[in-house]
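Each remark here refers to the structure printed beneath this line.
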Amino acid sequence: MPELDFINDQIVRSDTRTLKEKAKDWIILFCCQSLIFGVFLVGIALEDALLVTGFLLLIILVAIIWNRRPDLNQWSQELLRNNRHFANTFLVLILVLYPFIFMDNPYLIHLGALAAIFAIMALGLNITLGFCGLLDVGFAVYFAAGAYTSSQLAVHFDVSFWIGLPLGGLMAALFGFAIAWPALRVHDHYLALVTLGYGLIMNLLQRNFTFLTNGTDGVINIPPPAIGEWDFIQPITIGGIEFPFQMNFYFLGLILAGLTVLISVRLRDSNLGRQWEAIREEEIAAKCFGINVPFLKIIAFSTGAFFGGIGGAVFAHMIGFVHPDNFVLLTSIMILAMVIIGGMGNIFGVVLGAVALTLIPERLREFEDLRMLLFGGCLVLIMIYRPQGLFPSTRRRRELKSDRVNELIKKSGRK
Amino acid sequence: MEPADLDNTILKCQGLTKNFGGVLAINNLDLEVQKGKITAIIGPNGSGKTTFFNLVMHLYDATSGQVVFGTENTNLLELPTHSINRVGLARTFQTLRLFLNLTVLENVLIGMSSQLNSGFGAALIKPKWAREEDKLAEEKALEILSLFGSRLISMCNEPASSLSYANRRRMEIARCVASQPKLILLDEPVAGMNPTETREVIKDIQKIHEAGHTILLIEHDMTLVEGVAEHVFAFDHGSKIAEGQFKEVSNHPAVVEAYLGKQALKQ
Amino acid sequence: MIETWAQQLINGLTIGGMYTLVAVGFTLFFGVLRLINFAHGEVFMLGGFVGLVVAWSAEGLGITNGIIIVLLMFLIAMGVCAIIGAVMERFAYRPVRGMPVLIMLVTSLAVGIVVREAVKEFFPEGANPHAFFSPFKYESINFGSVILDYTQLGLIISSLLLVYGVHLLVTKTWVGRAMRATSEDLDAARMMGIESDVVIRNTFFLGSALGGAAGVMNGLYYLSIRFDMGWVMAIKGFTAAVIGGLGNVYGAMFGGYIVAAVEVLTVALIPEGSRYKDVFVFLLLILVLVFRPSGLLKTPAQKMG
Amino acid sequence: MYRSKVFLLAAVLIAGSFFSNQVKADSYKLYVNLPLSGPWSSFGEGMFNSFKLAIDQGNASGELGNLKLEVVRGDNAGDSAQAASLATKAGTDAKVIGAFCCWSSGLALATHSTYNRYGVPTILGGSNDHRSTRPFHKSAVIFRNSPYDLINMKMLATYVTNYANMKRVFAIDDNTAFSVTQANEFTKAADKLHGKGRVVGRESVQLGEKDFTPLITKLKGMNLDGVFYAGHMVEAALFRQQMLKLGLKIPMMSSGGVFSNTYIKTAGEASEGTLASFWGLPLDHYPEGRGTKFEKDYAAANFQDPYESFGPMANAAGQVFVQAIKRISSQGKVTRKALLKELNSGRYTTTIGEFGFDSNGMLEILHIGIFRVENAKWKLLYRTDRAATKFTKIAD
């Protein structure tokens, strides 16, 4: 699965290890990953405020150690790089097993599904912001466009979710397209303000255009996705074991998020992705080298928005309720924070950011009112101490057969 | 002034004028660049050289006049910047504009992007032709990098930000070459370099010229101009004040005056 | 009819004055630091709360003279906000200075969240609205049926005076000249011996003090304050600053009155228009940003003046 | 060395979490979903405390045997999206047997399909939108112990037209589900009673807005007899103050979003004369002194916040849960289904009176009062009969 090699955007060296060394690496990796995921899963399941505090302190401790010990960092990176197929397989396995582990606590499965939905949206924003470098502080607009389109079609016209889903994405893309035009003329702060204003206007219109959105009543009783007679809120029973219906949504989210990751990887590695990055790095030079900057910016906005819409549509049908309160500025900031904290442009980082920011606030519920204060404080600290995100995007990923390079070096040489 | 060979003209300006809110940066400029030659533009700071490049690339809108390019007489002032590259012009920048976080190889590939066909669909489906195209493009990019010896090619997987200053300049030239232009515009290619580096760049430029590229360059460094330019234009206050061989131009009284002031001329 | 319009004019001037005071802060920060300080709205809110505490303590100390209490409120609120502003600058904005726009933007949003939530959590009954002290609650000057409240009058006049004062400070004093130089070119200013850290700190002192004054004024006029009033004001304030032209003190005032005019006209002229007034305001924001990003008022010579 | 410490800590945490997760077998959770932070937290805290008081009393009385009820404190911050997410949390927790929700209509609308999806028996302690329960909403799980706004607004319209004799009234909502519905229903009811034209206009304001002077100036030129502000108290207080400042000295009517002592405190002397139509009575009007007993118990429990206007309903909801769970536990297993069945048929003796839920999940007794602020207190002017058909005068 070369497509899923997103953990390490590094050069791959040819594997010269012996079988014994390989096995040793795998065992170490297996133990470490089991430990990490084990701690992670326990952390998710914690209910007690004291334990949650302890858990978060543990994470911070590990992060500090990792920052202070470059050798440890180096070692872990090396290990991951050399065994990426193994690591990826393990990751996918954990993701698939996750709902089975928490079968008696469907809320955690629900949270997993929610994390997948936010991962889809964060990956969408990552295309606009991470790849093309366009600030978008109004991403909730596309979330809303997808959610309203698909849910209103389902409620009023009985349109199936499977049709509403792409339509929601397309409608969101249209909204992205709409703001892309004025956005072409502005940069930096001004672009941020334009998208911010766009988000504010759209949220007001969601409240006031009652004929489209049901206003502040919200869209209620949105039917769950259905296949034939069976719909997603009927639990599947296999061999006498009833699996909670949240698992249906979880796997739907997981599949869609997986697809989004795949698409993101392909876009990033394509000529298109390279041109987006060129625009992000140096717009004037990009223009001078035949890159149609306005067109590509519009494409970036629309593509990003499309995924926002997809996430929105799934969200609407999963929660069964859509309200303008879902699409306020704080939602946009949250999605933005997922991308920034994860590491702009790094697909794995963004997914991890989405998962963390969906789950951690839930865990912080134990602190009740202090939740937002802690969130704000953490955000400030991250901006100051790690503005590039947890997993900064590394550029040295394009792999070249080193012998060909060597040959050319030898041939050209210094004359 | 010898009559210009019309069939051999690659770039032609007529009455080109640029007015920045009352300041005439380019004033009624006429000039012709010959195909296959290295042409240089000299002139003191603020004489409108870079503005001229920006007008040719349509980064600014001209106030009046026209710029005609190639045998098909394309009017560049009517084309958006990105199409100008497709017509066959590529430029470097006085203040380097590299894609710093992209690798050296990717920088060159960006130079070739207008020749690549793969768009959105191809990126997602990755059909065979797109993969082939990618492979060919990389191969070609490596070849272009190898024009500059081992300096760039050994760094091809490193981000452009890790290059030394001189190599960044080379990188820009390589990127230009990659877009297979009919005319390369070089904006002060040796600015800030020491004499050894300058000599090497002169060699590089000549090598590219030998490979069949027409070059128009802006330069302060007279050793470079003398070393490579077959034809020289001198600018002052947005107008062309002299043209011809380097020797003729450098001794032209208007040029001396422009560089050293009236006082110098009297002495 | 004419009386209604006269009343609407007074309403508009009051609202515009309030926006102006907040917008001036935005414009100063942007001028010097190229930062849209979203936390400024929270400083404004904090000003209101400090004023309230002053009123409470004055009551406890047995000070009964309304004018003295109001003066104390202004002085202490401005002082506390100035310090808070400088602290924010030192510990949150200085570390991210010069970083990409996005980082600075998110930092200021996050600082805003921290301040807002801190007030909500640690102020007694912070989540509830608090009645504000005011010595002249319902006293007014009446011209027929047109009513001009004393606080309205005070607000309009003091907003004009404060803007003029800031203008004088920026154009006529050494501190202001240093600010303008820094806003033109941070590095060049540094080379001329201007300590940019000091200039930026001064700017935060000044802008935040103005925000605090606006917060007290807001309390005196609306008679109640709440922890979440800052964000609404922040949005309106930066909209005003952008419309007038970021970095231009008079532009902030101009923008403040434009935003107020849009609001009042929407309510007065469009039936059931009151729900769409913010839509029009933000639409204007986007249009200005797209077609005249330097603002409606700005000419190069007027920068920071 | 570092790593070994990390492993050790992780091991301790893992072990600790397993111990802490062992839930006592005979305890059940009642999930409360209220605005405990945000602008309406004073209402939410009062409701939560009152509800908890009833459950604590139930636990302490020993009536429940070895069964224990636990109240889960869910804070929706007055945000529909968060309320919906809490409802999911309640639904997916197998230990949750019932829910108490939501204070406002918007929050109730946001949650009802979720509660229905999971079959969590839910009592609404103040959400007045008629669409939250049967027959308007087909859910079988939602009950309410306050009348919905169709009735409340009908009574307010009756008061306006028949008792206060206002000819020209203006209705304002603050663009929330609750207040838009109220303004609509009020207009409809007034039109029905005396033909069109009593309500001469409608406007919407936004939550969080501070300056209503342009709107009030517009109203001033309309020669009105009264304004109906169907919104929440923070904006209502500002609106009332600005009405007085601009010399618009006509009565302002309001409803459940404003009927609160916090409103009086915020608006100060401007609150004098504000009218409110509310589905509740002063505590001494409830039968058999149970209202005053609640007041005493609440005071004895030493809660930080007052019980506010919705406290009695919340307390009643808690009592309903205690009594219902006691009955089903004596008959067999305590499940959501059993509780649902019991709520559909049983009768309960509570602070606000003795009642059962009808086929629509609506409580049988309806108290609606017209209140006015006098001397910084809400004073009851009129109250309805049990079926809410007419008013009885209590005071002037």
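First chain written, first letter: the chains are A, B, C and D, and each begins at residue 1.
As a working rule, contacts are C-beta pairs under 8 Å (C-beta built on N, C-alpha and C of every residue); 3 or more make two chains touch, one makes a residue touch a chain.
Everything quoted here is computed from the prediction, not taken from an experiment.
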Centre-most chain [mean C-alpha coordinates]: A
Chain separated most widely from subunit D, comparing mean CA positions: B
Cα-centroid distance, subunit B relative to subunit C, in whole angstrom: 50
Subunit A and subunit C: spacing of chain centres that average the CA atoms, whole Å: 37
Subunit B and subunit D: spacing of chain centres that average the CA atoms, whole Å: 74
Residue numbers of subunit D (touch at least two other chains): 37, 175, 204, 206
For subunit B, residues contacting two or more additional chains: none
Residues of subunit A touching at least two other chains: 204, 207-208, 369
Chain pairs that touch, as defined at the top of this document: A-B, A-C, A-D, C-D
Complex contact set, residues of subunit C against subunit A: 30, 34, 36, 92, 95-96, 99-103, 105-107, 109-114, 117-118, 120-121, 235, 238-239, 242, 275-276, 278-279, 282-283, 285-286, 289-291, 293
Interface residues, subunit C side, partner subunit D - complex: 1, 4, 7-8, 11-12, 14-15, 120, 127-131, 137-138, 140, 142, 145, 147, 149, 218, 222-224, 226, 228-229, 232, 263-264, 267-268, 271-272, 274-275, 278
In the complex with subunit D, residue positions of subunit A that touch it: 35, 38-39, 42, 45-48, 51, 54-55, 58, 61-62, 65, 69, 104-107, 109-110, 204, 207-208, 215-218, 220-222, 233, 244, 246, 319-321, 323, 325-326, 368-369
Interfacial residue positions of subunit A with respect to subunit B in the complex: 11, 263, 266-267, 270-275, 277-278, 281-282, 284-293, 299, 393, 395-396, 398, 400, 404-405, 408-409, 411-415
Complex contacts: residues of subunit D adjacent to subunit C: 37-39, 41-42, 175, 201-206, 208-211, 213-215, 217-218, 220-221, 233-234, 237-238, 241, 244-247, 262, 265-270
